[in-house]
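Each chain carries a letter (A, B and C) given by its place in the written order, and its residues are counted from 1.
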Amino acid sequence: MGNASPTDGPVHEALAGLALVDHHCHGVATADLAPESFESLITEGDAWPDSGITPFDSPVGVAIRRHCAPVLGLPRHAPAAGYVARRAELGWREVNRRFVSGAGTGAFCLDTGYAPDAVTTPAELAASAGGAAAVYEVVRLESVAEAVAAAGVEPDEYAPTFLAAAREAVERRGAVAVKSVAAYRTGFDLDPRRPSDAEVTEAARRWLAAGSRGGRLHDPVLMRHLLWTAVDLGLPLQLHTGFGDSDIRMHRVDPTHLTDWLHLTSGTIPVMLLHCWPYQRQAAYLATVFAQVYLDVGLTLHYVGPSRARAILEEALEITPFRKLLYSSDAYGVAEFYHLGALAFRRGLASLLQERVDEDELSLPDAVRIATWTACDNARRVYRLPEHD
Amino acid sequence: MGNASPTDGPVHEALAGLALVDHHCHGVATADLAPESFESLITEGDAWPDSGITPFDSPVGVAIRRHCAPVLGLPRHAPAAGYVARRAELGWREVNRRFVSGAGTGAFCLDTGYAPDAVTTPAELAASAGGAAAVYEVVRLESVAEAVAAAGVEPDEYAPTFLAAAREAVERRGAVAVKSVAAYRTGFDLDPRRPSDAEVTEAARRWLAAGSRGGRLHDPVLMRHLLWTAVDLGLPLQLHTGFGDSDIRMHRVDPTHLTDWLHLTSGTIPVMLLHCWPYQRQAAYLATVFAQVYLDVGLTLHYVGPSRARAILEEALEITPFRKLLYSSDAYGVAEFYHLGALAFRRGLASLLQERVDEDELSLPDAVRIATWTACDNARRVYRLPEHD
Amino acid sequence: MGNASPTDGPVHEALAGLALVDHHCHGVATADLAPESFESLITEGDAWPDSGITPFDSPVGVAIRRHCAPVLGLPRHAPAAGYVARRAELGWREVNRRFVSGAGTGAFCLDTGYAPDAVTTPAELAASAGGAAAVYEVVRLESVAEAVAAAGVEPDEYAPTFLAAAREAVERRGAVAVKSVAAYRTGFDLDPRRPSDAEVTEAARRWLAAGSRGGRLHDPVLMRHLLWTAVDLGLPLQLHTGFGDSDIRMHRVDPTHLTDWLHLTSGTIPVMLLHCWPYQRQAAYLATVFAQVYLDVGLTLHYVGPSRARAILEEALEITPFRKLLYSSDAYGVAEFYHLGALAFRRGLASLLQERVDEDELSLPDAVRIATWTACDNARRVYRLPEHD
């Protein structure tokens, strides 16, 4: 077989014993899910109910039936229909508990700013994890900006009000990072310079005049201003990069479009490139040449599944300094993604490292060190988390 | 070996027994080919006769000598010179018959709009296949538009005349799809909106005034109009994407440049992304988030050869719903490409799926279902072909 | 293991016996290096001394400890601290001698135009190699242009003076090629046309007026002019492509941005695309459709290390004519890169070819022929080097 015994060896054992830091994730549903709802949560597309195409018939669907069914007491490769029924039978609390606690995560950095569905609060997620895990919050800046607009603000007060609201959210929630979804709103081919006060006021005037007190933020000047506000806040900035739903214009979210901005903000805040696929090599390049850049391949790992996770990690690690790759699940909506993300990451990374040890390209102590950094230490270092939770 | 026994196992047997639907292909030469002619047909470059470099010294050349020579009764890895001589000895009818019938294709969707060389008609191709195969036509829209211009048309009559001519061609030939080579003419970074009647008339005026009653269509307004005419026609639209000859500006044919157009045309026609390399991941993303998008890696598979076909398919299938990948050879000119495309596809896909079955990442029934969908059922469904031909 | 015995078999033996032509490389340090200096030379980033992150903790660092430590008499996987100390103990002359002579290189094409550190002259490099190797020079055109500006020139004399200076440098040094780092200065999304004399004069006027008699050349008109000057010089042009330090805007150095320029200059000079990662597939496409385009994956191979070199070569060779891929180390600064580049190339290419031979996808004589072309013959042919040095 191409990747030989993918679950054996000392590196596998080391990774199995590590409590992960999942540095970017979301809440999961707090309701029993009807089949259509479950299916709509396991695709970055829509569920296409009339198309005869189900998201179960995709790599992530196959991975759920293979690796999640047994967690619910079903046989491996259980049919999709039985799977969703069994989920309902157990009830969402038990389902969440099994998958979240089974992931072996020691700390979660939770983006609470995206929740079109009813999802777990930080406390509920911690409870699902069995209480042994810490949950830290990440403040999504677009949500803060949109709340500022919705509450009503004068254009020339937008910038200071947004900054103050972001600061307040960070402090109130004890957040360890902020996040931007600029990728979804404008892409990264933005003017890298900090906009002037006058430019921000003028852009805010246009936005706030556009109806419903702002609505969705996608003005390019205000997005640049948002990224520079992140610099002012001083916390690590998580940036959605690459893969996502159809709101993405993929060619505009190649993270190397950020190069000039990274030069201008060098020496300020850590920049965490999330997901990255299919630009994992471009992200790795940035993490190699900019001290402040880090990356993960969250979201990607569960969508490609354990069979393909190693190939993605190989590309993500081709040239990357080992202190620059982090783990995240980017789970949202279904707790299965906590389980699958952790499984795909552990198995993919262990397989890659163990093979290099077996070929004597890497020493075993080095392999274990790299595993530990990637699984948890790099995140603890960047987000200044306690050494253990 | 990296991919272990690449030709064994039940998935291989299942794929070997399936009659493929080759959803995008062309005619093959109806003449005995001189060495230079043969060589010029096995490269996307030119033959470079004065360079001392022969297309035989490339992955596709090696694959022809390995996998096609035995079909002509030559030893594996037969020298290039003997290969072309043997081809002439057998005569083009027999050569075509051996390779086309040997591909095991049940139905062909044939683009008859590109034929700088004398190539098989649909009836001749069906005859080469042994009569057991159905041949359906695909209407190339640029050829229709250029014929309209060549026949003479007033600028303000161009749009309705083109639409009527395309409709007439579709009906006369019983076509199952239309095709555009916008990739070769303008790339995909076009304004996505439907152009107004006035814009089309003005652009047609410029084009028709440019001499020889139009000539090659590459006006960006008329290319947009052509894509929107495809929407009006209501049939699946095949789009050349990625790899091709030196007329391509590769960075402009990343299919994600089509995202806005796909949003605007959502719910109308299926869009079939052809070839895709090196953008197979970008194409897979589009097929994942847009209900109407499908992809193949035709052309690519015979150019990379059976040794590398699995790696390409791995990328094409990383996240892709299994009902979204189709088979095509994109054979043109030499019948060898029918044989090689089918061989590379069957072997690459079977190797990928069989390994996942062996590792218990996929059940065998699921693997066979995925193989069947990809090899034939997905195409029959999109093009509304009969269940069997 | 994924790649099985990576060091056995007749193709390995053949490649081990070939004297490489390293068609693009640089001098190495002529001083004992302090730890910080050594670390700053083994990354395309900076050394980040205050970050707690050392370049040793990256794929290239692991490869140095695994494959270079034994050359210095240390155990495999020796710790970083001991490695740099041992280096100093042996002294730079001995270190250079061991690594450069150990690479098994028969000829070097040396870019002498980049030397922010004190590095070996051509004669010193030849001495390090043991005297059995020939060293040919490559003239970096930006250095010539900047020297012309620094010496003082009237704007309307810039073009002829630059051409004359480049011609003189080529003749004086017996150079076999010229090189451009346009990738670092403007990227490749330039107007492809030859600028007019008036445009060049005007651009030179702006550049020369900008202070310090020009300084760094990055005017887009003058960069276009520089590329066209290379055409006038008639020698092969080496072009930095893809991976490099943070001066690169990666999305602007996709070599397919050169397509129009390659059409305009077709039939003139060979164009050698260097490094290419992560655009090795795009470079391969250009090498397939343009007679004058060649590529290598130098720099990339030692940064990814021997564990990953084969994967990069697989992509670089997917569709590429076998006479179009060359070997280079792109070693600069530390002699280790001569050793690692050669090792990664030999092992990666041999593993790829040997597996295809083992699977009977390629005949052994063909595999050896491809190995020989890539390792040395292709370079000797393009640069018109003698058959043996």
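In this text, a contact is a pair of C-beta atoms (placed from the backbone, for glycine too) under 8 Å apart; a residue touches a chain by one contact, two chains touch by 3 or more.
Predicted model, so just to flag it, every value in this text is computed and none were measured.
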Cα superposition of chain A onto its copy chain C, rotation angle rounded to the nearest 5 degrees, comes out at 120
Over half shared or under half: which fits the residue numbers at the contact of copies chain A and chain B, same or different? different
From the mean C-alpha coordinate of chain A to that of chain B, what's the distance rounded to whole Å? 37
Two or more other chains touching the same residue: where does that happen in chain B? 2-3
Contact set on chain C toward chain A in their complex: 1-3, 6, 43-46, 48, 51-53, 55, 57-60, 62-63, 66, 76-77, 243, 245-246, 248-251, 277-278, 300, 303-308, 311-312
Using the touch definition up top, name the residues of chain C that touch chain B in the complex. 2-4, 254, 256-257, 259-260, 262-263, 281-282, 285, 288-291, 314, 317-324, 355-356, 358-363, 366, 381
